[in-house]
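What follows is a structure written as structure tokens; I'll ask about it next.
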Amino acid sequence: MGKLTIGCFASLVGSVSLDFTVKLAEAAVKKGHKVDLWVSGNATMLSKKGQRAFKDYSALQKTINGLLETGNFQMTACEACAEARGYHKEDTMEGCKRFSMDWYLASCFSADRVLHIGGD
Amino acid sequence: MGKLTIGCFASLVGSVSLDFTVKLAEAAVKKGHKVDLWVSGNATMLSKKGQRAFKDYSALQKTINGLLETGNFQMTACEACAEARGYHKEDTMEGCKRFSMDWYLASCFSADRVLHIGGD
Amino acid sequence: MATKRLCFVIRTLPYKIEGSRLAMTHAIASQTVEIYLEDGDLVEASVCFIADGVLNCLKNQAAMKHYGITSIEQHLKNSLLLDMKVMICKEDLEKFGISEDTIVKDAEDLGGETVAQIVPYSEIQKEMEAVDHLLFC
Amino acid sequence: MATKRLCFVIRTLPYKIEGSRLAMTHAIASQTVEIYLEDGDLVEASVCFIADGVLNCLKNQAAMKHYGITSIEQHLKNSLLLDMKVMICKEDLEKFGISEDTIVKDAEDLGGETVAQIVPYSEIQKEMEAVDHLLFC
Amino acid sequence: MKLGVLMSDFRTGSDVLDRLSAEKLGIIFVGNGIYHATVKEGGKTSPILEKSATYYVLTEDLESRGFTSANVDSRIKPVTYNDMVDLIFNEYEKFIWI
Amino acid sequence: MKLGVLMSDFRTGSDVLDRLSAEKLGIIFVGNGIYHATVKEGGKTSPILEKSATYYVLTEDLESRGFTSANVDSRIKPVTYNDMVDLIFNEYEKFIWI
């Protein structure tokens, strides 16, 4: 079983790129792999608590909670990206972390595979 | 003097599209025009309070506060877009409004010019 | 008493960005805009699909099944159900080799009567000239 | 004791999206990654500019003056100051008609010694093969 | 119609712009659209400049990206945000952002 | 190297993909990349399909956009998220998202 680190820079809430990331993470964890997910740029908002589920926006919070419970999934938000958007520490979804960018590089260090979703 | 309504769907915090919108609004208000700014999609985050200024992200809050003070500028955020991102009513920047999408169309009704910034 | 006409022109692909989705939901919001206007004033919205945007009109979009989100197909049907004017560019459908029977043309299954118009680009150009404001997405 | 090498490949234009900016700030973060690693372990980051991405390397970007944000030029200088390996695709510069004297090649004004390498694409391909992980932005 | 087009991208949107017609057409390069005004790819200027239109480029976006008015094709007039407000209210009636 | 490319866009990125070489190259169409696998523009299939590579397309993204496996060019193998995990860990070593 391997470790996959996924980094998401600039995906959009309401676009399918973030959904892709979460669905891939889910499939990998189900197969027994470990997944680290780093959300930066606009993707940072994925880790904010209190997201309301609408039928027009993918509601990923539930899936993420399920993934966090397995113990084989970590989600970490970029601290600076969050602060710039007015989203502070106390607003972080339970079980998610906030670190500076070096956390992502450390996760890549121990990963077997890295999938980095850069620009939009 | 005329009224310009600008709608921004999917601009990104940290991209220059939102900066463009705010700088254009500022130039128009300085010339004595009225400007309504509708922020929807990811652009909604522009109206959230508590955005921290970093040198790597455009910090537009100050300019917006200045514009609001003139009385010739309104900023309204899309309610559903905000809620989907976990950004609730009490987090709205002072002086900004939150309405459903029809507000934007009503603003277009009375506008002399409309500039709609759609996709990314 | 006045009517202002807005035309949403959808030119981008669905799903990756929110453009076409928000265009549809904003256009549909024209149905409730009166609460902000004076008696007798109206906003009328039309929706045109051009270029890559015509790919928003395909039938059988399984976005709800796979991602739990409303498909653009569903939004298109809703707009027809509300008798909104919908125009789809004929040349662009042809360019992509999309036959008319594979795109959403009506909301009959929901009891709607209005149908989408598949028209040459020149008709869409006329619509763009006729309306008060253009909103490209 | 191990070193893992990451290569950030910047292929997109600056400013409109955050891709190139975040690539630079993440690459620079390799300088502080040790706090998460065991003694002797290292992460080394390199940055390559290809395709439209080479337009990030132009001198005299007045982003701070006009928009109050750090320019990509400044990030590029910072990365050279930290002795990061920076490669810029020669063919792509030529394609755009950009002469070498109009791009950022060093951070001499800040006291830096490392210079950016203007290299054929084949050298960048070699770098991509040599590293452990690729991060395209 | 009197149509102002804000061209904000370099790699997409030309297909849409190509077909647009207007009695009076203005094309304003903003954001990454400024590369149409400044860069010769493979020695060629952008095909967008072949339309029958009046061309403008936003100085602030030009300079942010490392160019100056000296780099701009002679068919294009540099304008500031301030000028753009006048274009919006006085020169054109409808605007689109591509 | 054994390189897997996730192609997520329809209108950009081909220039980057064109030049990439790898001993073993896999191209997986995801998101709006699936139009490369399904749409014939002006009667022609996407030039991306001319590379010497193994091609895959993500079924979920195909179906979300109104296509089925029946619409897919015969050179391309439909895969699910589940299959993709195996491609990631067993078939290729490095991955890029374009």
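Observations, loosely collected:
For clarity, chains are labelled A, B, C, D, E and F in written order, and residue numbers in each chain start from 1.
As a convention for this text, contacts are C-beta pairs under 8 Å (C-beta built on N, C-alpha and C of every residue); 3 or more make two chains touch, one makes a residue touch a chain.
Computed from a predicted model, the values in this text were never measured in an experiment.
Note on connectivity: the fewest chain-to-chain touch steps from chain B to chain F number 2. Both chain B and chain E are touched by C, D.
For chain pairs D-E and B-D, the one joined by more C-beta pairs in contact is D-E. At the interface between chain A and chain B, over half of the residue numbers appear on both sides, which makes the contact a same-residue one. Centre to centre, using the average C-alpha position, chain C and chain F are separated by 29 Å. Chain centres here are Cα means. That of chain B falls 25 Å from that of chain C.
Rounded to a whole number, the gap between the C-alpha centres of chain E and chain F is 34 angstrom.
Within chain D, contacts with two or more other chains are made by residues 11, 15-18, 25, 67, 133-136.
Residue positions 8, 11, 31, 60-61, 64, 94-97 of chain F each touch two or more of the other chains. Counting partners per residue, chain B has 10, 12, 14, 16-17, 23, 41-42, 56-57, 113-114, 116, 118, 120 as the residues that reach two or more other chains.
In terms of inter-chain touching, the protein chains here follow a pattern that is not a line, ring, star or complete graph. Looking at which chains touch one another, you get A-B, A-C, A-D, A-F, B-C, B-D, B-E, C-E, C-F, D-E, D-F, E-F. Interface of chain D with chain F (complex): residues 9, 11, 50-51, 121, 125, 128-129, 133-136.
Per the touch definition, chain F reaches chain E in the complex via residues 11-12. Across the complex, chain B meets chain C through its residues 7, 9-10, 40-42, 100-106, 108-109, 111, 113-114, 116, 118-120. For chain C in complex with chain B, the residues that touch the partner chain are 4, 6, 11-12, 17-20, 22-23, 25-26, 29-33, 35-37, 41, 43, 45, 132-137. Of all residues in chain E, those touching chain B in their complex are 6, 8, 30-31, 60-61, 64, 80-82, 84-86, 88-89, 93-97.
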